[in-house]
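What follows is a pair of complexes built around chain A, which joins chain B in one and chain C in the other.
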Partner chain A sequence: MKVTERIPESEEDPFDEELAIDPQIVLADERYEVIGNILSDVYEPGHGKWQLSDMLDEVFLHKYLGVPIFLVTMWAMFTFTFEASRVFMAMIEALFTWLGGFTSQIPIPWLASLVTEGVLGGVGFILTFVPPIFLLYLAISILEDTGYLSRAAFVMDRWMTKLGLHGRSFIPLLLGFGCSVAAVMAARTVDGESNRLTTILVSPLMSCAGRLPLYILIAGVFFPNLAGTMVFLMYIIGIIMAVIIAMVLKRTILQEESSPLIMELSMYQMPTAHGSFRHMWDRGVLFLRQAGTFLLAGGLVIWGLSSFGLGGYGVPVEQSFIGIIGTSIQPFFAHLGFTWHVVAALIFGFVAKEAVVQSLSIIFAVSGETAIESALMAVLSPISAFALMLFVLLYVPCLATIGAVRKETGSWKWTAFSVIYQILLAYAMASVAVFIGGYFFG
Partner chain B sequence: MAEIPADLTENALMLAIVIGLSYLITGIVQVVMALGLLPQIVGMTDFLGGLLLLVIAAVFLAGVRPIRRGEREGVSFVVVGIIVAGLVCGVQLVIIATSALGWWLGLEDWSGWTLQQQLTPAVWLFVVTLTVLAFSHLLNQYQNRELHKGGGQTG
Partner chain C sequence: MLDMKVRVALIGNPNVGKSVVFNNLTGLKQHTGNWPGKTVEQKIGFFEYKGHEFEIVDLPGVYSLSALSEDERVARDYLIHTRPDVVVDIVNASQIERNLYLTLLLVELQLNLVVVLNMYDVVRNRGDKIDTDALSEKLGVKVVTTVATKGEGMQDLRDAILEAAEEHALSKERNERRELHLPGDINGGDHLHYHPRDHHHGEYERLKPPNVKYSPEIERKLKQILEILRDKRDILDRFPPRWLALRILERDPEVMTLITDPELQRQLLEVTV
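What follows is the complex of A and B.
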């Protein structure tokens, strides 16, 4: 076990001792002084062993190579998640298509539609994304178990400090790759009220597993040759946006002097299959539970809103309740190239991001479209599809995250700020993407 | 945690240069091909893949100077370079395995799949790396044996 410490540049002035002293540093110094004294009594100095853990830190924490290696690791994680899961997704999709062949034969038309389009088209479709979500959790578990994630936080501290954030903020941000609620709650570990609040406010910008189904769907349909890279790009944009927003917040409304990062870096460990798969299962099963409960209920609600309108059951989907809601808001998104189908799905996405894909699947199924892929290609251009990915990346992750922000900040004001700035940011960035995309490729 | 194998420390300079240059040259060629400045070869069309090779090359080559100065820290770059190269290769092998499964099951998206498409430089360069490591190990064994022989004769 070793302690790694980095004092921000602003505190390196040897004459400014008052500012440089931090109780944690003093505590760590005292602790290691005691250890040093004991060792000097009992240990005969010799040619010390230089172990693999020291070697790895030499490079993983390197001033220039640390960040590129971290990016390679992230790329490997997302490429593994996307590419390795594709075949299993296709198998699950084939299973639900096969089941749909039976359920569509149910003699009562509304029941056949409910089961085929509402349940199998909704929850069944979202279940095809179980493999990438489980593989993403497996990759995160392996990285955590090896001890690399804490090194990643230390490597990023150099950049985070320059931008006004605390290095420890990076750990909640990394947890945000799995779940935004976990990221917001993990912000408790960040020192300083201002640092903590900044971390809470930017954590939802990190791309959680709930957004993954939409990325995989859109990237697979519109950018098939670059699908893995596009998914990776979304995660990188999430990090960049989080850092930029944090920088703006820290230089405007949440100013506070930066504090040093002190981390205990444990030795690297070889992850065990049992441990990593156990962690994957513990996290992934929450998604299965979600799919079996409120995504199922949500699917039935969306099917009801898509099948019923002012004229009763069986009206054209454009005249259904969901069509009415979507078309009334769609003009605000017309410049992004989003049709009412997409806008309606985004509204349901406030509840949970998985619901965006689920809603699209049900709306298109009720519309009589057999394949969501071809339906999407008919209503979106590649530029609008990219804008949709950006919008989903940046707007509020889910209701549970809003609840977590309220709980952690203890303030409705900051909760409202969090929701509003994320929606505005998503809208602005999607607009910029469409504008730039239209200029170069339009 | 394991200690560093003697082969690595003794032949580190040769390993860093040979493997580092292999990744560097291939990375540059792949990036240039991806940009369309050279005729494309199957499996070498990914721009990002080329950048990954350049990062791996940078890790190996960053170790050359400290190794030449006799600093043991230089060996770290060779070890981490092998780990990162192995990670990238491992991911590609998983992709090949799952694609082969899709092809074997007769799934539509994999009907035209061939192994050649996915045998990217990340895979064969790591095979080259392992070969160089094995060669280095054998060379080390041979040198040690010769040293013992020489010692026995003079003694």
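What follows is the complex of A and C.
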């Protein structure tokens, strides 16, 4: 017996009706019922020996409670991340402001500007987001080490299979919370060519840690009382978008049978401080390395582009190269309420999402604004700010992800598809948000 | 009775102690290679017991037999086409509910099964008990309990394998009256048979009626499918008929490709769960 492709599709594809009720699931249910009946007769449980792990699963894997519990856990995680990191962020910010007080005294004006605005304003500003990123990783590590995260995948699988998606996809998608590159690579574990491709294409929509600085910045400035919830909302929208897009792909260009998810659920464990901090550190250090290398280099490039213009050094920032680029593209984003500063930052965001925040910080610093918070308040309305978060959530995460997609799909065509659909999706969703927001709050 | 080497296959979910059982049974008499044309490792071992020779093939650890992954495909193809004399299904007794899923799939194949409840010490320590006699009766297979890591229950397992092999040989000897082999006869499943492609005995096998039946509605559908396939000997002869009907009902992609006649395809697709 050889494995072959699906039966060639005729006009009326007989397999289409399967999408209504998957016969494999019907039979799997039937088998589990038989097993249940058999076990109720042959299995004699001892008395009072309920395992804690079983009791927890009874709740966490509950048919209806499972998903709400997962959502609440996520919400708690982001609120914790945001609230607990505030004080540390303020400390780091104060440190760099203090340093900036010295560097701005450097007698050579361009060097003072380079160090103060390019290096401290760029990399230094990004470093203020180290606490939330580390804390988010810590929270994820704890959830992972307890064994809850694999159960979350199991809980979500029930719904994903109902939507016709491949359950195993959720594990790479969960990894996407950390880093999109990791998620794209992890799609290898998914069975079936088109299931794999779907996972590769949608996993960049899961909000990675690189996007967190912007959420925290925007949510903190525009929605101070709901900041944790707003960040949580972004992650949820990411999941929902990934599911919707996967569903669309599966029903149009990438059809394939889905197989049930069977995974090993190990017993719950008490996470050890050592283990969880270790995981946090391993992941967080990647971010630090990035900040130290190409975000530093990127900061210098952005500083150069915003300090130099056709007229040489010291032109008003609107006439700098970055101003020229931003202003020429800005009309496409006018309806979203994005000023040229924001548009320019989004362009740098192609390289890495952290660069969006970094660019905003440098551009405002070069234009003489002292505090990025008030500068943002001045150029964005809350609705536009929300649209900005959405846009950053949905458009191409970073160059490295594009590279990973190319490597994993082995095709430039799919890579281009991935990039283009994400940009279009980001643009469309941001527009919808502004439209709806304008209708209700405008 | 057992004039030839008895072929035994070992199967089970991943992490149930299958390799430990394999090593316990065969000792050093084993060799490893790859499945022909696959990247999946194949281990074959030998042992003698009470004057009989046994060859054990260690199949890959799988959760199901859906033929989606290479491991599952290797296991499924081997079970169908080689049709071992005895199939030993290693079950992690502490996770019995999940593990029995594969067991039911093996029952669907009407294999000559021995179910091993391994890691039985975990169940005991939990204070639980599994009524093996009742389980054996319900599944229609032999059941033994083992703690492979401590070598517990290995003697029982060897006995069970031998017994199963002997019964199997007996049932084949009685298998004379070929004219009675009518496909589609689910209830008198005794007559169902098929011809495994690579079977070393090269003969038709008399299949025991399956002990585990599904809901009357599903069983009716299966009968309906076999009714449609009544004269399609080219397909029917290659698989256990009830298993074939189940796969068609499930729309198993691999089995569906075997049905090329569009009219037949249409008829079969009309039978839905």
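To be clear about the criterion, the second predicted complex is superposed on the first by the 393 of 442 C-alpha atoms of A that agree within 3 Å, B and C clash if a C-alpha of one lies under 4 Å from a C-alpha of the other, contacts with A are read in each partner's own complex, and residues count from 1 in each chain.
Everything that follows uses one rule, which is that a residue touches a chain if its C-beta (ideal position, glycine included) is under 8 Å from a C-beta of that chain, and two chains touch if they have at least 3 such contacts.
The shown structure was predicted, so the numbers you read here are calculated from the model rather than taken from an experiment.
Trainee: Considering only touches as defined above, state whether A:Ala94 meets chain B (first), chain C (second), both or neither.
Mentor: first
Trainee: Taking the superposition on A as described, I'd like to know which of chain B and chain C A:Ile240 touches: first, second, both or neither.
Mentor: After superposition on chain A, A:Ile240 lies in contact with neither partner.
Trainee: Once chain A of both complexes is superposed, is A:Leu56 in touch with chain B (first), chain C (second), both, or neither?
Mentor: A:Leu56: touches chain B, not chain C.
Trainee: Should A:Thr73 be classified as contacting the first partner (chain B), the second (chain C), both, or neither?
Mentor: In the superposed model, A:Thr73 contacts chain B only, not chain C.
Trainee: Where does A:Tyr32 make contact in the superposed view: on chain B (first), on chain C (second), on both, or on neither?
Mentor: second
Trainee: Which of the two partners, first being chain B and second being chain C, lies in contact with A:Tyr268: first, second, both, or neither?
Mentor: first
Trainee: First (chain B), second (chain C), both or neither: which does A:Thr229 touch?
Mentor: The answer is first: A:Thr229 touches chain B but not chain C.
Trainee: Based on the A-chain superposition described above, do chain B and chain C contact any of the same residues on chain A, and if so which?
Mentor: Touching chain B in the first complex and chain C in the second, residues 49, 51 of chain A appear in both lists.
Trainee: Residue numbers of chain A touching chain C in their complex, please.
Mentor: 1-7, 14-15, 17-18, 21, 23-24, 26-28, 30-32, 34-36, 38-39, 41-47, 49, 51, 191-192, 257, 259-260, 262, 264
Trainee: Which part of chain C faces chain A closely enough to touch in the complex?
Mentor: The contact residues of chain C facing chain A are 14-15, 63-64, 66-69, 73, 77, 80-81, 96-98, 100-101, 104-105, 126-132, 134-135, 138-139, 212, 214-215, 218, 246, 249-251, 253-254, 256-258, 265-266, 269, 272-273.
Trainee: Taking the complex as given, what residues does chain B use to touch chain A?
Mentor: Residues 1-4, 46, 48, 52, 55-56, 58-59, 62, 72-73, 75-77, 79-80, 83-84, 87-88, 91, 94-95, 98-99, 101-102, 105, 107-110 of chain B touch chain A in their complex.
Trainee: Could you please specify the touching residues of chain A with respect to chain B in the complex?
Mentor: 49-56, 58-60, 62, 64-65, 68-69, 71-73, 75-76, 79-80, 83-88, 90-91, 94, 229, 232, 267-268
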